[in-house]
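In the two complexes that follow, chain A is the common piece, with chain B as its partner first and chain C second.
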Partner chain A sequence: MKTFFRIIGTLVVLGVVALLAFIFVPVQRTGPVTQLAADFKPAKGQGEYVMRAGDCMACHTSEGGKPFAGGRAINSPMGVIYTTNITPDKETGIGTWSLDDFRAALYDGVDKEGHHLYPAMPYDSYRKLSEEDVVALYDYFMKEVQPVKAEVPETKLAFPFNMRFGLRAWNWLALGDAGFKPDASEDAMFNRGAYLVEGAAHCAACHSPRNLMMMSSGTNAKDAAFLSGGEIDGFTAPDLRGPQSGPQQWTTEQLAEYLLTARNAHSSATGEMALAIRDSLQYLTKDDAMAIATYLRKIGAGKGAAPVAEKAEVTPTQTLLTDAKPDMPLGPRLYLDNCAACHIVNGKGAGETFPALDGNSLVTAKSAKGLISVILHGAELPSTERRPMKLRMQGYDDRLSDEEVATLATFLRDGWHNKAPAVTAAEVKAVRDEAHH
Partner chain B sequence: MRDLPGLPSRRTFLKASAASAAVAGVAAVSMPAEAAAPAPTPLTEYKPDCLKPTEWAFVMAAVARLIPSDGDGPGAIETRVPVFIDKQLAGDFGKASDWYMVGPYEPAASPLRGWQTPLNPLEIYQQAIPVFDDWCKATHGKIFAELDAATQDKALTSLQKDEMKIKPELREFFGILLANTKEGYFADPMYGGNHGMAAWKYIGFPGARGSYKEWVGKHNVKYPLGPVSISGERG
Partner chain C sequence: MARTEKKKDVVLVGFGWTGAIMGIELANEGLEVLALERGHDQATVPDFQYPEMIDELKYGIRYGMMEKPANTTVTIRRSLDETALPYRSLGTFLLGTGVGGAGTHWNGLNWRPMQSEYHLKSYVTEKFGAGVMTEDMTIQNYPVTYDELEPFFDRFEKVAGISGQAGNVKGKIVEGGNPFEAPRSDDYPMPAMPSTWDGVKFRDAAKAAGYHPFPSPGGIASKDYVNEYNMQMGPCNHCGFCERYGCYNYSKSSPQTAIIDALKRKKNFEYRVNSEVLRVEKAADGKTVTGVTYFDHKTGEEVFQPADLVILTAFALNNVHLMLVSGIGQPYDPVTNEGVVGRNYAYQITGGYTLFFKDENFNPFIGTGANGFCIDDFGIDNIDFAKEGFIGGAYWRAGQTNGQPGHTMALPAGTPSWGAGWKKGIGEWYGHSMNIGAHGSVMSYRGHYLDLDPTYKDRHGRPMMRMTYNWHPNEIRQTQFMKSKMEPLAKSMNPTTLQEGFKKEGAMFDVRPYQTTHNTGGTVTGSDPKTSVLNRYLQSWDCHNLFVMGANVFPQNTQYNPTGMVGGLAYWAVHHIRKDYLPNPRPLV
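Then we have the complex of A and B:
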C-alpha cells in the first residue's frame, strides 16, 4: 500500500513538473534557416516588398490609425484579438526587439518575452520566409517605419483560450519545418510562386479548411486539402484547385491580372479578397503575380494546362431571360428587373467591369453569405495602381425583401451552369441583421 | 390643353376616393400578388406636407382637369399626382434650394430669360391660387374647385392665356402647374405620383429595368413585361 502511494505520489509530482515545464520552460526558438554573410544587406525596397506581400499593415493598423501601431480588432471564433503595435517604438512597439526576437515571432509565434502569439498572426505561413526576407523585413520595421507610441487594448479571450501556454501544444501539431523547401522537379517560377503563396502571402489562412483544432489543413500542395477552400467569418473563401475553381478556369495571365487589379475577363474580387488585393497583392511585381498564378494553376485540377475554351451555347436560363414572358417565375423576373442590365441574360457580365455570375465562385459558394451580402449591400472594386477605377455595384437592401433576395439568390445559384443549393429568407435576414449592428 | 392620346372626352369630376378604390382594384388584378402594396391613404384623407386645405383643394381640382380620369388610361387623381406636387413643393423643388435665387430680380423681363421672379415655386402656388380663385369667383361666380368641369377647363385656359393679367411675379404659375402635373404622372412612384406605375403601364414604358439589349434586334415584337420602379415594384 505504501509503495502504491509512493508510485502515485511520484506520478503526480512528475505530472505537475511536466505541466509546469509545459507552461514555464521557454519555447526553443528557431534560428536562421540559412547563415547569411556577415555583411549581408537587403536590397533597397526589399523589406517593404516583403511587408506588402505579407500584408502586415492591414492587420497591424487600426481603422484610421497610424500605420503598424496595432489595435485592430480581429474577430476570431474564440473572441476578439487585438493586433499589436509593431512600430519600432521602444515602449509600446518592437523597438527593443533583436533580429532573433523578430524571427521568433515570425517563425515560432512567440514574442520577445516568450509569450505565445495567437495564430491570428499567420506564423504557420511566415515560418516559410527565407532568412534574406526575414532580415529585410526586420530592417524595414526598424529603420523605415515611424515609431508610434500607442498602447493597444489587451486581448482577453474566454477560458480556455486565455491560457496562452496551451498554444505550445497547438504549435507542436500545426507547425512544420521552418524555411521553404523548393520542389526540385519544378522550375524557378513555380517555386517562386509556391514560396509566396505558402509563405508571405499566407493564402492558406483563408483558402484552406481548418480542422477542429483551427489548424490549416496542409502547408503545401502535397496536401489535397491545401487551398481547397475555407471559411472566414461565415464567408466562404473559394477553392483554388478544383476543376470548377477560378484559377483552373482562367488562363495564367488572367489569374495574375486578377491578383494585381482585382478584376479580369471573368470575375472581380469582393470582400476579404478585395482587401487583400488592395493592401497587398497589387504591390507585387508582374513577375511575382505570374509566378503565383503559375503555381496555383499547376497544383490544381488543370495541372497548368490551358483552360478549355467555353462552348458558345445558349443555356435554358438565357432563353428564359431573353423571352421575358410575364408568367416567368419570380427569380428570373427579379434578375431581369435588377441585375440583367449589367450581368446580362447570359450571366457572363462584361469583362473587367461586371463579373460573370455563371461559374462565379462567390455565387456558388458553400456559404451563401457572400452572395447575399453583395446583393444586399453591393460591392466595390478596390482602386489599384494598374486599374484605379473603383467600380461599384449598389446594394439592393432597400429594394428587395428577404424573400425576394432569397428567391433571386436561389435562381443565381441554379442558373446557367451553376448548381448550388437554395437560399432561405432566414439566411438573408441573418445577413441583413448583422449589418445593422 | 393637353394632348394625351386616348383622352378625347371630358368628364365630370370623379370623386377622389372612388377613383382610388377603382385603381386599387385594377392594381390587384394586374400586379403579382407579392408586389401588391397596402392601399395608400385616400386622397380625401391625405394630410399634405405643405399645402393648406384651400391650396390642396385647388391642386386636386386642377390636376383632375389637366389629366382627366375619363377616357382611356388613368388620370392625375388615380395616379395621386396631388401627393407628388405636395411633396415636391415641401421639398427642395418648392424651396428652390439648388437654384440661383439671388437678385437682381426682373419679374417682367422677357420670358426667354427664364425664372425672374424672387418667389420660389411653393410661394408661387401659395400666392397665385388665391389670386386665381378670386378671379374665378369674379368671373364665374365660384372658386375654381367648386366650378363644374367645363367651366374649370375654360378658367384654366384663361389662366394659360393670362387673360386675368396676373402680376409678373406669378406668371410662371400655369407653366409649373402643368409641368408638375405631367411630372407627377410620369415620375417614379417613389416620389408619390404615378401610383402603381399606372401611367407607365398605360403608355407601355417598362420602367427602371436598366437595359433591353437582347430586344434591340427584335423588330415589331411587343415587349412583354410590365414596368419596374426604382424601389422594385413590379407592374
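Then we have the complex of A and C:
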C-alpha cells in the first residue's frame, strides 16, 4: 500500500512538474529553414508582395485606422480577438523585434516575449513561408511601413481560452514541419501554386473544415478534407475540390481571372472572398494567379483536366420562367420580377457582368446565410486593376418580406441544376435582424 | 470671402461624358486633374436602382434627374424684336445635372455625321453653287476632316460600348448596315440590338420601297461588354426606361458604365460635387486663364481654383454661358455680324407620322432608347439642294423607345383628352400604334445666337444667357420634304389610320412640348478667329490654356444626335493636348 501511494505521489509530482513545465518552460522557436547568404537582400517590392499575398493589412488595420496599427476586432468562436500593432513602432508595435522574433510569430505563433498568439493569426499556414519571403517581409515591415504609436485593446477571452499556454498543446497537434516541401512529381507552376495556397494566402483558414479542436483539416492536398469547404462567421466558404466546385467547373484562366478581379464568366465574389480579393489576391501577378489556379484545379476532382463544356439545354426551370403563366408559383414569379433582368431566365447571367446562379456555390452553399444576405443587402464587387468597376447588386430588404426572400431563395437553390435544401423565413429573419444590430 | 484651393494641373468644368474622357486621358498622363461638378454624385446603385428609377411620374413627367430651372436656365426669344423670358418650366429641351450629366439620361442614339457635313459650306457652294444658301445662312466648314476624326469616332464607340451594324467598313459596303455612312475603320464593338415589331414593320416597308434600312446604332449593350478601361456593361433587358432615366441594369452607355470607376482609382484625379463654376479667370494680359471661380454649395462660399489648363466640359449651353460671363472672346452681334461667342446657335428639327393599326399589337412595354430600324436615304449627302430648295437632310427611324403610358401614349386625333371618351380611346388604341420619325439637320443663321440677357440674372447674380431662335424657312422646307416622302411609305404599311406631325410654314419655336436636347453652336470650331471661338483642336483662339468641349463647338447642327460627334471630338482634342500641347503649351494653330 505504501508503495502504491509512493507511486501515486511520484506520478502527481511528475504531473505537476510536467504541467509547470508545460506552462512555464520557454517555447522552442523554429529557426530559419534555409541558411541564406550573409549578403542576402530581398528584391525591391518582394516584401510588400509577400504582405499582399499574406493579406496582413486586412486584419492588422482597424476600420478607418492607420495601416498595420492593429486594433481590428476579429469575431472568433472563442470570443473577440483584437489584432496587434505590427508597425515598426518601438513601444506599441514590433519596432524592437529581431528577425528571429518575427519568424517565431510567423512560424510558431509566439511573440517576442514568448506569449502564444491566438491562431486567428494563421501561423499554421505562414509556417510554410520560405526564409527568403520571411526576410523580405521583415524588411518591409521594418523599413517601408510607417511606425504608428497606437495601443490596441487587450484581447480578453473567457476561461479556458484566456489560458494561452493551452495553445502549446494546440500547436503540437496543429503544426507540421516548418517550410514548404515541393512535390517532386509536379512542375514548378503547380508547386508555386501550392506554396501560395498552403502558405501566405492561407486559403485553408476559411476553405478547410475545422475539427473539434478548431484545427484546419490538413495543411496540404494529401489530406482529402483540405480545402473541402469550411465556415466563417456562419457563412459557408465553398469546397474548392469537389466535382461541382467552381475551380473544377472553370478553366484555369477563368479561375485566375476570378482571383484577380473578383469576377469571371461564371461567378463573382461576395462577402469575405470579395474582401480577400480586394485586399490581397488582386495584387498577385498573373503568373501567380495562374499558378494558384493550376494547383487548385489539379488537386480537385477534375485533376486538372479541361472542364467539360456544358450542354446547351433548356431546363424545366427555364421553361417555367419563359412561359410565365399567371398561376406560376411565387418563387419563379419573384425571380421574374426582381432577378431575371440580369441573371436571365436560364440562370446563366451574362459574361463577367452578371454572375450565373445555376451552379453558383453561393446559391447552393450548405449555409444559406450568404445567399440570404446578398438578396437582402446586395453585394458590391471590389474595384481591381484589371476590372475597376464596382459592379453592385442592390439589396431587396425593403421590397421583399422574410417569407418572400425564403421562397425566392428556395426557388434558386432548387432551380436549373441546383439541388440544395429549402430556406425558411426564420433563417431570413435571423440574417435581417443581425444587420440591424 | 473667397477661399483659394491648391493649384491643379487641369481643372475640368463639368463631370459628364467629356469631363470623364478628359479626366481619364489626362490623369493617365500623370497630371493632377480636378473635375468640378455642379450637381450631386450619382452611381448606378443606389441612385438608379430598380425599381425606384422606374417611376415615370417622378422622372419622366416631373424630370427628377434634370437641373431645376430655378437653379439654372436660359431666357428665350424667337427674334431680335421680342423680349426674352426665362425658360421656367421644362419642355423642349432637358438639361441634366450631377455626375455623368446628360450621359446618364440620354436615349443612347449614337452617330457619326455624314461625309458632307464636315465641309458643308464647301460642299454646298462647290456642288450646287452659293445661290442655294439663304442670305442669312452662316454655315461653315469644320476645320478638321472626317478622315482625321475617324480613329477618334472609333475609339469613342468602343469606350462607350455602342451596338450596331456597320454598313461601310474601309469602303466595303456591308449588307444590312447603312450603305451611306462614312467609311469606318472597324465594326461597332457590339452587334446590333434586336428590334421590336414596329421597327421590323418599318424595315420591311422601307426595303419594299427600295430604301436601305439598317438597325439603329446606340449605346445600349446587346451583350456583356468590357471596354479599353476594363469597364463593363451587361445586356439590356428592353425595359424602355432610357431617356430621362439612369439605367439600373448597367446596359446604357454612360460615364458611369464606361469610365468613372476606372478614373476614381487614379490618385492624381479628384472630383468635387456641388461645385458650380461661376467664371473662368483670365490672366492680366488676357492671353491665358489662371483657373476658375466656383461656388461651393456645401460651404456656401466662392472658391478660386487655380490651374494650368482649364477645359470646359459642361453641357453645350453652360459652356457658352461661361465663355460669355468670363469675357473670353468677343460676343457675337447679329446686327453687325461681328464677334464670335454665341454665334451659330442651332437646334434640331423633327417630324413624323403616327400609324394606328387595329389588328397589330406592338407590345409597347418593351423598347430601348436606340431601338428599331433607320434609313439614311434622305440624309444630307443624298439630297439635291438645288432641286429641292433647301439645305439639310434627316435620318428616319421607327422603334419604340419606351412604353411609358404617362407621356407617350398615342391616340388618334379627335379622341377626347380626358374622361370616358379618353378611356375608351386608350382601351381601343393602347399597343396598336407606332411612329416613324425624321430627325433633321438645322443650319446656322445670322439671327440665331446666344448672348447675355440684359434683364434677368441667375441666383449668383450673373446675367442669364439669352437664346434667340426660331424655325427658319429652310428647315420648314426640309421637314415638309421629309413629310412628302414619308407619307407614301407610311401609307404603304396599310395602317387603319395615320396622322402627321411636321412643322408647317410659319411655325414658331414653341418651348412647351419636348423636342430634343440637341442644342449646338455658340463656341464653334473653325479655321478663322473671326468666325470661330476655337481652333481645330478646340483650343480657345484667345487663351491658349483654355479648351472647350461639347456640341457648342458644332458650326451648324448635323442631322444626327450629337453624342457620337461630341465624343469623337473630345478624343481628337485630348489626343492633341497630350501629344502636342502638354510638351509645349502654346497656341496650337
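Here, the second predicted complex is superposed on the first by the 432 of 437 C-alpha atoms of A that agree within 3 Å, B and C clash if a C-alpha of one lies under 4 Å from a C-alpha of the other, contacts with A are read in each partner's own complex, and residues count from 1 in each chain.
Keep this in mind: a contact is a pair of C-beta atoms (placed from the backbone, for glycine too) under 8 Å apart; a residue touches a chain by one contact, two chains touch by 3 or more.
Keep in mind that this is a model prediction, so the values were computed, not measured.
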Contacts of A:V16 with chain B and chain C, given as first, second, both or neither: neither
Chain B versus chain C as contact partner of A:V345, first or second or both or neither: first
Which superposed partner A:L336 touches (first chain B, second chain C, both, neither): first
Chain B versus chain C as contact partner of A:A305, first or second or both or neither: neither
Which superposed partner A:P326 touches (first chain B, second chain C, both, neither): first
First (chain B), second (chain C), both or neither touched by A:E403: first
Which superposed partner A:Q394 touches (first chain B, second chain C, both, neither): second
Partner chain in contact with A:R386 - chain B first, chain C second, else both or neither: second
Touched partner set for A:G378, first chain B, second chain C, both or neither: second
Residues of chain A that lie at the interface with chain B and also at the interface with chain C: 338, 340-342, 399
Complex contacts: residues of chain C adjacent to chain A: 43-46, 49-51, 223-226, 229-235, 237, 239, 248-250, 257, 261-262, 264-265
Partner chain A, residues of chain B touching it in the complex: 32, 34, 209-211, 213-215, 223-226, 228, 230-232, 234
Chain C contact footprint on chain A (complex, rising order): 338, 340-342, 350-354, 378, 380, 383, 385-394, 399
Chain B-touching residues of chain A, taken from the complex the two chains share: 321-326, 330, 333, 336-338, 340-342, 344-345, 396, 398-400, 403-404
